[in-house]
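Each in structure tokens, the structures are laid out below.
There are two complexes below, and they share chain A, which is joined by chain B in the first and by chain C in the second.
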Partner chain A sequence: MQPAIFERVVVKNSPVYQYMKVSLVLEHVQTKLTAVELKHLITTGLKSLYGEVGAAFPFDLLTFEEDTLTAVLRVYSRGLVRLWSSLTLLGFFQQQRCAFRVLQVSPYLLSLTGNSRDLTLD
Partner chain B sequence: MVRVKSRYLLCEINVSDQSKLLLLDDRAINGAVKDAVAFTHGDYGAAQCGLGFSVKYVNAHTGIMFLRCPKSSYRLIWSALPFITSIEKRGEKIPCFLNCLHVGGTIRTCQKFLVRYNTQQLHRMLPKCKTKEEKAQIRRAILCSSSYMLKGREERKKEKDD
Partner chain C sequence: MASSSRSQILALYRMLMRESNKFPSYNFRNYAIRRVKDGFRENKHVDNPKKMDQLLSDARESLALIRRQVSVGKMYGAQRTIVEGLGSRHLEKTPRTLLVCERSHLDHEDARLGRHVEQHSFNHQLSLLVPGCDRLPAELDAALKGMRSFLLVRDLPLARLLEEDFIDQAVHKGKLVLSVDKDTYEVLGLEGKPSQYQRRPAGRYVVSVDLKDKTMSPGGRGHQRVLKALTEHTPLSCDLLLSQHLPGGESPALQSLLSNHKLSEHRPRVSSRVMTSLPCPTLMTSDLQGERQSCDPQSFLEWLGAVDVGVSFEEDRSGGYLSSYECPQPQTVVDAAVRCGVSGLLLPEDIYGLVDVLRRSVLEPKLAPWLALTVHGFQDSPVSWGTAEHGFLSGGENFYTLVLFQNLDYWICMATGSHDACPP
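After this line comes the complex of A and B, so read on.
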């Protein structure tokens, strides 16, 4: 058996931003949201889990489709874990239950355009 | 795993009303700091700091306190201290603010720093004295603390020679 080797991983040229494609699932399917309300919802989630310091971390809502409630978020790489964990633990939106489904996460925006799950083969 | 390391924050509390200073006790400060950490860093911060945090020593006359924090989360607690604006004691809110003077690994290093800091403060108070009696009192206090520091140095020299 080989002895355990100490390995240090150094990542050079690590990407600055991380992009997340998320979709919001609500208890009452008919409710409509605006982009501002969605950003406020995510900020309240960050605030409850990570406090004022966490809620102050900048993130951007790049696109938002109102029919499917799908959004593309952009965050600095250091804040990805915080944002993702607060989305996971976010449970309520205006007294109705909600859940965030994270569809794709990538450091490159272009890779969010294609999704092999939605691919239909002839 | 040789030793569990922790950090001791030496803080000074500044109160506008001197008489209210004497009402301080460790439980009130414990509650105030925990609330501040929960406000600043949310559930994550409150959980990380809640385990090893305790108030070790409070001096109500001078407003000095020692806070014990685990080594992994002492920066979270330190960053939350400026957000404390008041301490609640039996329904009464005492407006105050906390100053962190020193971070040490053990209570003894914090104590050594405190002796040096107090002698500096006494030196600063000396020119502001108005009566001769006050000056004599301060000079005696400086002499006391310097002899304490010298005694400590002599003891360490003896240990080296033995």
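After this line comes the complex of A and C, so read on.
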């Protein structure tokens, strides 16, 4: 005999983190980039836009694919707008033009793994 | 109160509120709004027409006064005060979200798992994680590979879906829901509603047509109207994914119905991956809110996402510079885990069948202590959770995760984004 259970919990507006899927577009396609260089590039962009204090929040580079230059970032919710805006305004990587394309932003990491816009059929 | 003057009063009230909102100074603005509200509330019960006319003309004078004051106030710009919340704080806001978690037992009479699965109609991907084994049981494997195939129709005119033979043979009940932009909506001339999640004026409209309504019977007024709208000015057509669940095992009617169009049949794609020495969070069935030192649903969903995205749980060479993410504590390291994914158009009936198989498999001894099944809905789907409106905004969150434990207790976590209603 099972104990009678039914429990429902609704969690509102509580995401601690936000996740971003971004890809980097470079002027010279052949340029190679490592994960550490990418994180450094983003941090530099943040500092140049918001200054030392404004940029003082941590963010994580969860994955990075070196061949497609696509990365998944995790950031505290309160830093999302600052991170996003500094990505938008970041224009140079080692004297060549570059641009970040923000592909998807979500409070759930799972949502980034199942993007129906990438669905390909056999 | 006569209804014509009622609408006049409401219009006046709205105008007063709107104008009062334009005061640049916080104090004046709040005073004016409060005064307007109080004034109207005070005289709510007045029904003497003479008195009412008097009050209305007073209100019109006040409106003119507010307008003058606002424009004077704007000439001498006031500084916004700190209570108005425009420090750096507005940079820290994020769109609203909702996560609904339910815990119950599969045989419990209040268990609503079946209904949830059924109401999440348009799914494009599922992923199953079985920790603690390196090969799926044969029955489970067969169920994953046996998901039914679906049809892709290119350039299908939408009017085809409303023709008599199609409605008769393929539609038993249902709605045609179109989410269209403003221009298309105006050209279409069909009755619809502005999207719930758009600012006025709305840029997007939702048209919903009940296909089995009386007026929609072929030849009926409503039917002809919709058909005309979809064919005449802008013939709408699109690529469609179609699938059909037939309870009696009849021959699929869709192929023959649509044989004049560009049609191709697809199988869902199955992929599978075995992971070794994977750290897994410890889950306690009874602890849905994470109060007793086990993993709560939010961190569990994050961990599942990290597994699916392919985060490595080993210490990287940068010494924590890249990422500080690690598996939630307490954790156990399992030797092997299987992650299996299926993508295509997946019907809720098939997913429910899979849940049945999962139920049998989880009872097998030596299989995992729990299984996690995540079902992703189409992120651009115009509806989710029944016929509630859904929108993409920045992430289009539209999925649910089912965690099934060995004692047949389950958790279901339904995630929604900012353009979603609360799941039922």
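Quick note on the criterion: the second predicted complex is superposed on the first by the 107 of 122 C-alpha atoms of A that agree within 3 Å, B and C clash if a C-alpha of one lies under 4 Å from a C-alpha of the other, contacts with A are read in each partner's own complex, and residues count from 1 in each chain.
To be clear about the criterion, a contact is a pair of C-beta atoms (placed from the backbone, for glycine too) under 8 Å apart; a residue touches a chain by one contact, two chains touch by 3 or more.
Bear in mind that the values here come from a model prediction, so they are computed numbers and not experimental data.
Touch criterion not met for A:98: it reaches neither chain B nor chain C.
Contacts of A:87 after superposition: neither chain B nor chain C is touched. Of the two partner chains placed around the shared chain by superposition, chain C is the only one that A:122 touches, whereas chain B remains out of contact. When the two complexes are overlaid on their common chain A, residue A:22 makes contact with neither chain B nor chain C. In the superposed model, A:33 lies in contact with neither chain B nor chain C.
Contact with chain C, but none with chain B, is seen for A:61 once the two complexes are overlaid on the shared chain.
Of the two partner chains placed by the overlay, only chain C lies in contact with A:107; chain B stays clear of it. When the two complexes are superposed, the chain touching more residues of chain A, out of chain B and chain C, is C. Comparing the two interfaces of chain A, the one with chain B and the one with chain C have residues 54 in common. Residues 2, 4-19, 35-36, 39, 54, 58, 60-64, 72, 74, 77-82, 104-117, 119, 121-122 of chain A touch chain C in their complex. Across the complex, chain A is touched by residues 88, 91-94, 96-105, 107-108, 110-111, 124-125, 127, 152, 266-267, 269, 286, 288-289, 297-298, 301-302, 304-306, 308-311, 318, 321-325, 343-344, 374, 376-381, 394-399, 401, 409, 415, 417, 422 of chain C. Residues 38-45, 79 of chain B are the ones that touch chain A when the two sit in their complex.
By the touch criterion given at the top, residues 46-54 of chain A touch chain B in their complex.
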